[in-house]
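So, here's a batch of structures to check.
The following pair of complexes shares a single chain, chain A, combined with chain B in the former and chain C in the latter.
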Partner chain A sequence: MSKPTVGIFGLTGCAGDQLVILNCEDRLLDIVALIDIRDFLMASSENDEGCPLDIALVEGAVLSRRDADKLRAIRQRSKILVALGTCAVWGGVAAMDRGKDRARLLEEVYGEIGLTYDSSPAQALHEVVKVDLGIAGCPIEKEHFIAAVAALLNGDTPLYPEYPVCTECRMRENNCLLIERGELCCGPITAGGCEARCPELRVPCVGCRGPAGDTNVPSFVAMLEQKGFDRQQLAARLRTFAPEGVAQ
Partner chain B sequence: MTTIAIEHLARVEGHGGITVELEGDAVANVRFDVFEGARLLEPLIRGKRYDEVAPILSRICAICSVAHSLTSLKATESAFGVRVSPQTELLRELLYRGESIESHALHLFLLAVPDYLNYPSATALAADKPAAVLLGLRLKKLGNQIQEAIGGRAVHPVNAVPGGFGRVPTLDQLIALRGSLMQGRTDADAVIDLVASLPAADFCHSDTVYAALRSPNLDRYYGGDEVMVVSNRSRAIVRAADYRELTNEKAVPHSHAKHSTFGGNPFMVGALARLTVNPRRLTGRLAVAMKRLKLLLPADNPMDNNKAQALELIDDLDRALESIEQLLRAGLKDERPMPVHPRAGTGTAITEAPRGLLIHSYTYDDEGRVTAADVVTPTALNAASLELHLRRAVEQCAERDEAVISKRLQMIARAYDPCISCSVHLVRKR
Partner chain C sequence: MKILKLPKEKLDLFASVVQQFGELHAPVEQDGKYVFKRLMRWSDARLEYDRTILPPKKYFLPPRETLFRYRPGEGFVPHTEGLDQRIILFGVHACDVYAINILDRVFAGKYPDPYYQARRKHIAIIGIDCSPDKHCFCRSMRADFVDHGFDLFFYDTGDYYQALVGTALGDDMVLATGSLFEPVDGTDIDDYKRRSWNKRRAFQLEVEIRDLPEIFEMEYQSEIWEELGEKCLSCGSCSMVCPTCYCYDVADHVELGSRAGRRARSWDSCLFASHALVASGENFRGPRASRIKFRFYHKQRGFVAEYGRPSCVGCGRCISACPVGIDVVQVIDRLRRVQDVASR
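Right after this comes the complex of A and B.
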């Protein structure tokens, strides 16, 4: 059987999810032996930019016409398109407060010339093309990437936790930062899968994995308000990694 | 007019290209184009509380996420007058070394070395010369182990917080790291052997101005706040609070990165600049290795940045071990972060990210909310110098063969180890 053809791409972002792939140091050469990587600009200077792909892995958010065109072209040549990381799945930090007047911000940062730049408010991939699988995380967990490769090679799709960070935090028997210490921890509404990395270190969850499935956000906000947090600032914090209205 | 265009620069972080315009044999124009979208994180961070700043701004770049995170914390702590404990300083320095080891190993072995040996990628190189790639992967993994143990995650650290660390690593973790580092040190000779065996990259000579942090102990990435700018003719010191003297930036149409000059001259930052500014680092094992690499300072060849990274890589292993020994000698304490009391004011921090000087400067209101934020990255600082060196390479290339010129330009750009995601972040208009 021929090896599946794979492309690994970055739109606008920090390249962290591609870096996580390169961080699979012990498995990297094994993974490369199982798949046929045709297009991976960050790691190779010899790429086939037009061939059909069985799997496209795309990280970053869409922040320009250039990004949108590139994403559409990737979609067109790929059987399975995987959104890699919170920027791709939810929009990520660049989508924070995306309702703000972009022209004004561009002008403020770059001067008048900024108004000529190709720049648009951050969008998640699924707002532009059909996405077959999303792997959230900022960055993604190494094990989730390896699980995805293993599943896709076997014609399956991987399942990732939809339960909140709190579930994993409780399993690790941590003291609750929110209830016991009154800290603004986003664990109750953020998707797990990180094994509660931050609360385990006594650091409140910032929500980098995006929303958990089936959460009761109004009740969470009401509880935080009771604890004295300001509603507006709360809303801004909850939108740091995933803007409102982006859910599929 | 002939144009040589490298549309997508490969084996670098982010999206950029190079365009050269020739009129006859003369070089009319050289541009390092940056296509990375503008994320506008600096204006978007306004109004955020001080504890939100580092987690958001570390997302500027994954490969330098420790540097962004710790520089951010240093700026915030400086604004609020917070003094962290000596243990925190040591742990942060160790975390920095971890990032430097990972970043240099990634750049040298997976991104730069394939050029010298005429391979398109490290995986292609691995098919013929697995030892070189496996060496790089081993060291890269070691850097990540340090970042995971101290920072809580290899990319976008979570454990470093204002005032210190969420949770201090355990004694067992440090002892395990010490074991891995001692093992890693045995690879140092192989690193120098490999880099010394690469064909000479001798196609760009230029007087170069270098800028790096002059650290009090000459060996810190994280400590210190004086930048020294060194040229053949002069030396100048710039203090952190005056960093704008270095970022005399102007926006250019072809790039979302602004260009910086000092006294009208482009300058280079990064490993080669650090060694040039702090030559007293180069004693003992490093001095021997430097001879083997035939590196002379100050260098007039930007490709020597790869050699400088190799030297730093083996130095980082020693320094990381030293930090661990110091931590163990002092007795590891389960400290909580120092209390942070916000106040209105400005804090500026300069550190040495793997690719060179990194500056974060914030102004806070009395509730500890950001009113202004400025981030100046090494790749933005390097942009003008890179363009100068690209121009020199074309001028000094006797052949007008596009493939030859193109390969040389790409090698120079890669030697700068550009981080294009970073480069789009810049100071506000003045």
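Right after this comes the complex of A and C.
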């Protein structure tokens, strides 16, 4: 059986998720032995930009017509499209203020010429094309990427935790930053899978993995308001990584 | 049951002798909280602690555990690494020993769990008596005292620890120390009774569990379940820290480039939306309210029907670990309250 053809792409984002793939150093040879990476601009200057792909991995959010066209073209040539990272899955940091007047923002940053730029409010991939699998994370976990490749090669889909960061934080027996220190920790509403990396180091969760499978934002916000946080501050924190449907 | 006493100043000597029976683990401080950990030196042990973040459950049913490795055509090989490691848990409270006794009934019952049982066989328990704080209600749950499930149990009676010897291994530990332990006399018996009496009076929390399953049955439609559902964050903290929550999720982790892999389990919680989700997409407990209701019913009612007592031991961990302050004692109190419907 021939190896599945794979493309790895970046839309608007920091390229951190593609970097995670390249950082799987001790596994890279195993990975390329199993898949045929045809199109991966970040890693190679020689790419086949038109071939059909079995799997496309796409990082970043859609922030321009160019992004949207590129994404649609990728979708057309791919059997399976995987959203890679929180920007691709949820819109990410760039989607934070997408309700604001775009023209005003462009002018504020770039001056009058900004108005001529190809720029649109950030969208997650699923808002533009059909997405078959999402791997959230900012950046993604190496193990989650490898698990995805391993599962997809077997015609399966990987399972990622839907429970929140608190679950793994408790498993690791960390002190609770929310209860014991009254800090603004987004653990209860943020998807786990990171092994509570930040709270483990006494740094409150900022929610970079996007919302957990089942979130109770009203109760979470009410609890934080009782601790003395104001609504605006909370909205800003919650909107950093989560889409407005989840964090209003 | 054999009862002896150990002069307090000889406790460290006892601890050093007892290490021949296994690696010593005890509560150590971690930013004002306590965790059971391997002791690097005896002086790190904190025997006067309130409660550890995680109960000793983590030693018998680790948060994550590989069960076996499988390979097509070759079958599977059970993962047995570490199962026979000899550990001594020093300083386990009565409620936590009680909880382990409850886990014993679950994991040694209809479906014996070899992983749990192997660890239980190799991990010794030296219990220690404690004083209740504002979240403790073990006395109400009849778990403030244990008569089995430990190898030794220490009671602080002032100048001495009185030691109940629970097993032959406990007796071996005593014998290995030579003449450290002394027989108890009449004064010691009075000291023990005084301590028992004082502890009884120290409880600030109380719940009545007699006829509680029946009251739960009557209040199945109570609005309290909806209210709790609106409050609960489904974060799973209460289940993780619960000494008797034993639900686990099982998943296969396939190796890259093969159909071989390992099957592993990890702690699960009935508060998770995925807990009662089955392959067809049906979810038997979809709404959050039905999930938190299930947690209470399983602890306080279902378990009573199956095993003759609630699975809650009153350790207070879920109360101190809930970010939104859901408090089992308050829930029970409210369920028991007379609503005075007739006068409305």
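Simple rule for what comes next: the second predicted complex is superposed on the first by the 245 of 248 C-alpha atoms of A that agree within 3 Å, B and C clash if a C-alpha of one lies under 4 Å from a C-alpha of the other, contacts with A are read in each partner's own complex, and residues count from 1 in each chain.
FYI, a residue touches a chain if its C-beta (ideal position, glycine included) is under 8 Å from a C-beta of that chain, and two chains touch if they have at least 3 such contacts.
This one's a predicted model, so the numbers in the text were calculated from it and none came from an experiment.
Undergrad: In the superposition on chain A, see if there is space for chain B and chain C together, and answer fit or clash.
TA: Taken together on chain A, chain C would fit alongside chain B, as the superposition shows.
Undergrad: Is the number of chain A residues in contact higher for chain B or for chain C?
TA: B
Undergrad: First (chain B), second (chain C), both or neither: which does A:R197 touch?
TA: So A:R197 only meets chain B here.
Undergrad: Determine, under the contact definition given at the top, whether A:L105 touches first (chain B), second (chain C), both, or neither.
TA: Touch status of A:L105: first partner only.
Undergrad: Report, please, how wide the angle is at the C-alpha centre of chain A between chain B and chain C, in steps of 10 degrees.
TA: 110
Undergrad: Which partner chains sit in contact with A:I146 here, chain B, chain C, both or neither? Use first/second/both/neither.
TA: second
Undergrad: Check the residue A:Y117 against both partner chains and state whether it touches chain B (first), chain C (second), both, or neither.
TA: In the superposed model, A:Y117 contacts chain B only, not chain C.
Undergrad: If we overlay the two complexes on their shared chain A, which of chain B and chain C does A:L57 touch? Say first, second, both or neither.
TA: After superposing on A, A:L57 lies clear of both chain B and chain C.
Undergrad: Would you check which partner chain A:A15 touches, where first means chain B only, second means chain C only, and both and neither mean what they say?
TA: A:A15 contacts chain B only, not chain C.
Undergrad: What's the minimum Cα gap, in whole angstrom, linking chain B and chain C in the superposed view?
TA: 12
Undergrad: I'd like to check the shared interface: which positions of chain A are touched by both chain B and chain C across the two complexes?
TA: Shared contact residues on chain A: none.
Undergrad: Which of the residues in chain B come into contact with chain A in the complex?
TA: 8, 10-15, 35-44, 47-49, 52, 55-56, 59-63, 65, 106, 110-111, 114, 120-124, 126, 130, 133, 137-138, 140-141, 144, 152-156, 158-159, 161, 165-167, 251-253, 256, 258, 410, 421, 426, 428-429
Undergrad: How about chain C: which of its residues touch chain A in the complex?
TA: Going through chain C, the ones touching chain A are 30-33, 35, 53-54, 58, 63-64, 230-237, 240-241, 251, 253-257, 259, 266-267, 269, 272-274, 288, 320-321, 323-325.
Undergrad: Which of the residues in chain A end up touching chain C in this complex?
TA: Going by the criterion above, the answer is residues 27, 30-31, 33-34, 146-147, 149-151, 153-154, 156, 159, 162-164, 166-167, 170-171, 173-176, 178-180, 187-189, 212-216, 218-220, 223.
Undergrad: Which residues of chain A touch chain B in their complex?
TA: Going by the criterion above, the answer is residues 10-17, 19-20, 22-23, 25-26, 28-29, 32, 37, 40-47, 63-64, 66-67, 92-94, 96-97, 100, 102, 105-111, 113-114, 116-119, 122, 138-139, 197-198, 200-203, 206, 208, 233, 236-237, 240.
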